[in-house]
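To start, the structure under review is shown below, and the notes come after it.
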Amino acid sequence: MKDGFVLLPHYLRKLIQRALEEDVGPGDATTAAVLRVGQTGRAVTLAKAGIVVAGIDVFREVFLAVDPEIVVTVCRDNGEEAGNGDILAEISGRLASILMAERVALNFLQRMCGIATATSKYVAEVKGTKARILDTRKTAPGLRLLDKLAVRTGGGGNHRFGLYHGILVKDNHIAAAGGIASAVALIREGVSYMQKVEVEVNSIEGVEEALRAGADIVMLDNMSVSEMKKAVSLVGGRIPLEASGNITLTTVREIAETGVDFISVGALTHSVIAADISLKVE
Amino acid sequence: MKDGFVLLPHYLRKLIQRALEEDVGPGDATTAAVLRVGQTGRAVTLAKAGIVVAGIDVFREVFLAVDPEIVVTVCRDNGEEAGNGDILAEISGRLASILMAERVALNFLQRMCGIATATSKYVAEVKGTKARILDTRKTAPGLRLLDKLAVRTGGGGNHRFGLYHGILVKDNHIAAAGGIASAVALIREGVSYMQKVEVEVNSIEGVEEALRAGADIVMLDNMSVSEMKKAVSLVGGRIPLEASGNITLTTVREIAETGVDFISVGALTHSVIAADISLKVE
Amino acid sequence: MKDGFVLLPHYLRKLIQRALEEDVGPGDATTAAVLRVGQTGRAVTLAKAGIVVAGIDVFREVFLAVDPEIVVTVCRDNGEEAGNGDILAEISGRLASILMAERVALNFLQRMCGIATATSKYVAEVKGTKARILDTRKTAPGLRLLDKLAVRTGGGGNHRFGLYHGILVKDNHIAAAGGIASAVALIREGVSYMQKVEVEVNSIEGVEEALRAGADIVMLDNMSVSEMKKAVSLVGGRIPLEASGNITLTTVREIAETGVDFISVGALTHSVIAADISLKVE
Amino acid sequence: MKDGFVLLPHYLRKLIQRALEEDVGPGDATTAAVLRVGQTGRAVTLAKAGIVVAGIDVFREVFLAVDPEIVVTVCRDNGEEAGNGDILAEISGRLASILMAERVALNFLQRMCGIATATSKYVAEVKGTKARILDTRKTAPGLRLLDKLAVRTGGGGNHRFGLYHGILVKDNHIAAAGGIASAVALIREGVSYMQKVEVEVNSIEGVEEALRAGADIVMLDNMSVSEMKKAVSLVGGRIPLEASGNITLTTVREIAETGVDFISVGALTHSVIAADISLKVE
Amino acid sequence: MKDGFVLLPHYLRKLIQRALEEDVGPGDATTAAVLRVGQTGRAVTLAKAGIVVAGIDVFREVFLAVDPEIVVTVCRDNGEEAGNGDILAEISGRLASILMAERVALNFLQRMCGIATATSKYVAEVKGTKARILDTRKTAPGLRLLDKLAVRTGGGGNHRFGLYHGILVKDNHIAAAGGIASAVALIREGVSYMQKVEVEVNSIEGVEEALRAGADIVMLDNMSVSEMKKAVSLVGGRIPLEASGNITLTTVREIAETGVDFISVGALTHSVIAADISLKVE
Amino acid sequence: MKDGFVLLPHYLRKLIQRALEEDVGPGDATTAAVLRVGQTGRAVTLAKAGIVVAGIDVFREVFLAVDPEIVVTVCRDNGEEAGNGDILAEISGRLASILMAERVALNFLQRMCGIATATSKYVAEVKGTKARILDTRKTAPGLRLLDKLAVRTGGGGNHRFGLYHGILVKDNHIAAAGGIASAVALIREGVSYMQKVEVEVNSIEGVEEALRAGADIVMLDNMSVSEMKKAVSLVGGRIPLEASGNITLTTVREIAETGVDFISVGALTHSVIAADISLKVE
């Protein structure tokens, strides 16, 4: 909980089933040929570098989807850290089932831990500032809920889950409406009674215009640190400001120190470095 | 063609529909409020760095899934290179449809171009050697076919599509069978009449054992460059050798020069850096 | 457009296909036995009472799903009114296809027109006040998007599309959190940076508490007209107020005149009276 | 049982899963923010008016679909009556799961109880006559089986489940065939050896023609009470007669007293008034 | 038409898509390697023995599902006969698409032609009697509608499409109800106003009992020819009789000559001999 | 295990659910009317002829899909033989559930036992030779995995699971490539590093050409027994040979004695004779 969302059980099952069909298909000929019928075994999943754990419940469900009799004991829960050699989970049951589930289970886990670990680095980097790290909609197609869950597990927050989920007026909308003021006016009249209106700008003039138009949040897109400082000073805390645009671990601290409220980082989910994790049969 | 596989039209459609449902859900309130009914427009998709194009057909299909009347003109085809500022495709039609499809279309395209671009760098790095760059099963759950298609587009080759697709005897199988010889024997008797048998080893002794056991291919897992050279010399071209295990752009040349036939690189698909591509409405 | 959402084409297709499978199953034995092979015909769809048209596009798609060669000409578009005897659409093509699609097409159309017509009556009733009529999440399972689309077509607005879509703190949340103040505080800290926070109250004290807690909107649940007037006066326009709870055509005007901003009416979608519409083959 | 049909478990599960995805989507942000992790609770579902219970098993399955550890104890079973304040079911378990399932569970239950309650009123109204109340194919798209199950629970009977399910010769078929005689003849020759043939007529002449043609059942469509009496007298019990067409609670008794065997009422399912039921967390 | 049913377009598409995914999976490596990009060609489908054509439209749709630009020209339509060497259809377009669709298209066609051809032999065998050949519910799981369509194409009729589709009282029902009379009575009271009631018996006594109980049809299960003659004589045309139980081409004529109305043959669909048909690229 | 593949649990569930929906649809009216609510019973499944059991686990899952409380005790496991009158499984639980699942469960079981039994006859016929009996891709659409599983259960081996699964160069590929040599060369260069290359030929010249081209396996398509002997002698054990083309129980021994390694028999799966099995309620 405190996740802002909880996956419906059948939603997760469908994701896992599709991934298994993709990988296992008609079956694992190698394993079938080599193992004795009913041969059981134990395996451990190990971190091979420092990581933040995310998706360990998804990892567990993959084994259960292949064989409901497998027992998966979680040793490090979501949100916990693990170092090189730490055991994340122990798995026991039919060896053929373990080997059949292994790759898919790791593919989910390594991606989610990768996202959580990267997120936690950004979060650590801005510590002491008021800036909160957010994700974007730049996720792997079909995996958005898991990607965003991993961001939260890593200490970040979730921006919109989709187009349906809040109002974000971007450059193309502003151009189509003939300016920020008219864009915001159209939205106020159209759909926004229950939604905050965020406006994307790329200059101090844009910030001023958005303020005048009554924006609830302003996104500073690809603006320089000095411009962002000016924006923070101009807004004076009346509404939150979000920094956005090619932000990296190197630049995030400096941006946070401008006083913005949110920093959204596309790379958290569009350029995931898989966490180094392996499964060893004992 | 020459892709080793072609996506069935409805398979791709389902992938795209799931991604759209995830992102669009009940609809794009911002766009709906701001645009005039029926307002049309044009947009271009631009590379913002040097890339190899992959997935431009997937990109196109996303727009058509949202609105069959949108016209997408491809300017750079799959496999072609593009530099900063180059137009990859032009899109025209209802502006609301363009904005609704934009993010999902880019999410597919940026991932696939990212994979193809990374693959092409590995391929370039081993140029002049006989080594061929291969992918692995370490793909994003649900996206394996697209991930592997992008690897081929970038000049790499595809290793197994799934467990069902060929025989790869790994350490856990060997342990379960009580040695390489007995593992291979079990497979020969069980299932392999139409499949080659690849055996994973991590030492020269393993290579010798695999050769004696009649392996069709040997995978050298996490072996040192000098060991790999010995393995190449030992095998003397009788069967192909594949190098595997945490191979990077920095180490791949050296490994290729050992004389191995294949080099499989998990990072091609498990740690994708999204290509920098944007869509601009004109 | 201006709908706040647009149905993805394949989403609508899936709804229609499920409804057709449910009704047609292995086929229409009566029609098959009676009609000559290839016999074509024309039919008209008529209003048999005064209605507001909604879902005429869904109606059309049902025929195309059964037979892509049927031609459906829409005579009254969504949002238009029609009186007894007015033709809503003309259909021509294979008679067997027309008869096979008829019932499903009408089931969609009659429900959506029923919703739009009822909504328009509530909207007319509050004319001249600032109150806007909203729907709720009390929709037919599986038909939420169509139900809400019909409300908009009838001149109403859409409240939340689902639990994921905005923050509404209800009595059970307040009880669990130990009061309005702590509930709102938990949300502010947890998830709400991009979402407005609506708080449901059932007394003037609740309104005061919600105001103090910083609610963005207050929902007056099942309060009397005189209490609502007090609430409007107390709030003084600082935030919007929403009236809710068993509101009927008889009571809605009185409530609107209290000065509330929104009135949400569950009956719009949970107790739909199907519009009287028939299809006649000529 | 005695229901004429039983829902396959996975069929019901799919209906519920779709409804949950529609309502819950990526999750319930409000609940997640406000509740303590693992906080449990109890809730009761109460009738707020006199109703006939239907769908209480569906209601229960919704909670289990969200969280298999929730315990739902049914207090009033399908087919039983309940009055204002009567508890229909008790629910205990994780509070977050209860709140997440609440709306969808109620949407199913209120619709089904609404249908059963209305049906029971029609059934009571015709008590003492031989007429049996039937439903039609005018159901909410996607919910036909539940709608028809609720009709039976309320004491009614089910007419055709779909076009595939029996032979009903309507005006359009008769016109296409050139008369009742030739329509019935075509069916006898074509498909009807295991199916009864029902013919829809709108005049005494039609009844005579249908009798001569060998119809197994005749549907009197929108005929006056006096005409129906004549039809009953004319047929003299040789075959069953069904009255149909805009029949209401006000007119149904009079029609039943004409001596018809069946009365089909579209409003039972096309114009459902949701039963007044609420869920209270204790 | 005259088929008693017509497949919904999307129903057939789903069947074909599943079959293609099963056969093509990630693609046809052989074809992709050997063909030139865009290489086109022509192929013909030939009967290699005397057959009745069925499923030629399904065959055509398989090619279109792989590649909408393929052109399939049907030369022998469903229901027509073809002899060894006769061309059933011509296919032209991308050669890779033709080869990719070939096996799935033939698997559908050969099964359906096999069913139609066998059915036509039974139909021919009973020519001149009044007996009509029917199928059963003994079909390949997932292919019932196609199996039954093929039976009709071959000149047979369709018995029930499923359990939902008519009333058939079998031995187990009779035992559970405590006799034929009480079983039929329970049904009359329960569900049968629109359905005929067929009763399965295995003796002359059973026939008498069923007649007395008011059965609409009687099925003579595994009775001898002489018993069937007695049954026909006993019933004297008052209701139809159906012969059933391990009926073969050798025995069917004799059974038809007993005067029964229907003969149902499980082997038509449970033991299909694939028609000999091949596809040749020119 | 040793099956070369194991069905994923949810894959089997989906197959069964589709088959049940097809057969049961809205429910079994006969059973519902006749049985007492909650009436339980026991049934046995009996072989009525000598068979090899296959699919008994699928049979069991069908009952559980209808009613998880049914108990199915397997008496003869997959791969075992059973004679006329032998009990294959006992079923106990709600009688309505047993009757509802009966036909679908038998349809799966009779097909799979039919395939296994036929396969075992071919295997027995070639006993003492080195030839192994293989299946083909000529399976019932949608049932390939079950069909191939049944072949293995009957003692046969599995040829390719689909186009994606190995390289088989057929006449059309050879024609397109301009000869065997160039076809094989294209494949070697294109995709085959992990796959064996099988080449189909229909003459001794073809065998020679395939050998020269470096084929890994040669398929002798529709060649005479004397030609096959020549081919075996020519190849001299260097690579395996597969006989193919209209092979029957009558001809298979003679072909096996030519010394070929594999004999693939399309009829195993394209022309299945359902095993004679019945279910009796006690």
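The letters A, B, C, D, E and F name the chains in turn, as written, and every chain counts its residues from 1.
Heads up, the rule we're going with is that contacts are C-beta pairs under 8 Å (C-beta built on N, C-alpha and C of every residue); 3 or more make two chains touch, one makes a residue touch a chain.
Everything numeric here is computed off the predicted structure, so don't read it as measured data.
Under the contact definition stated at the top, the chains bordering both chain C and chain F are A, B, D, E.
Chains that touch both chain D and chain F: A, E. At the interface between chain A and chain C, two copies of one sequence, more than half of the residue numbers in use are shared by both copies. Chain A and chain F have CA centres that are 45 Å apart.
Between the CA-based centres of chain B and chain F the separation comes to 33 Å, rounded to the whole angstrom.
Separation between the centroids of chain B and chain D, computed from CA atoms only, is 52 Å.
Per-chain Cα centroids separate chain A from chain B by 22 Å. Taken residue by residue, chain B touches two or more other chains at 2, 4-5, 24-29, 32-33, 35-36, 100, 144-145, 161, 164-166, 190-191, 195, whereas all remaining positions touch fewer. If you draw each protein chain as a dot and join the dots that touch, the picture is not a line, a loop, a star, or fully joined; it has some other shape. Contacts between chains, counted with the stated touch criterion, involve the pairs A-B, A-C, A-D, A-F, B-C, B-E, B-F, C-D, C-E, D-E, D-F, E-F. Residues 13, 17, 20-21, 24-29, 32-33, 35-38, 65-68, 96, 100 of chain F touch chain D in their complex. In the complex of the two chains, the chain D residues touching chain F come out as 1-11, 145, 148, 161.
Chain B contributes residues 2, 4-5, 132, 157-161, 164-166, 190-191, 193-196, 198, 217, 240, 261-262 to its touches with chain F in the complex.
The part of chain E that touches chain F in the complex is made up of residues 15-16, 18-19, 22-36, 39, 41, 95, 99-100, 103-104, 106-108, 110-111, 114, 137-145, 161-173, 175-177, 183, 186-187, 189-192, 195, 266-267, 270-274, 281.
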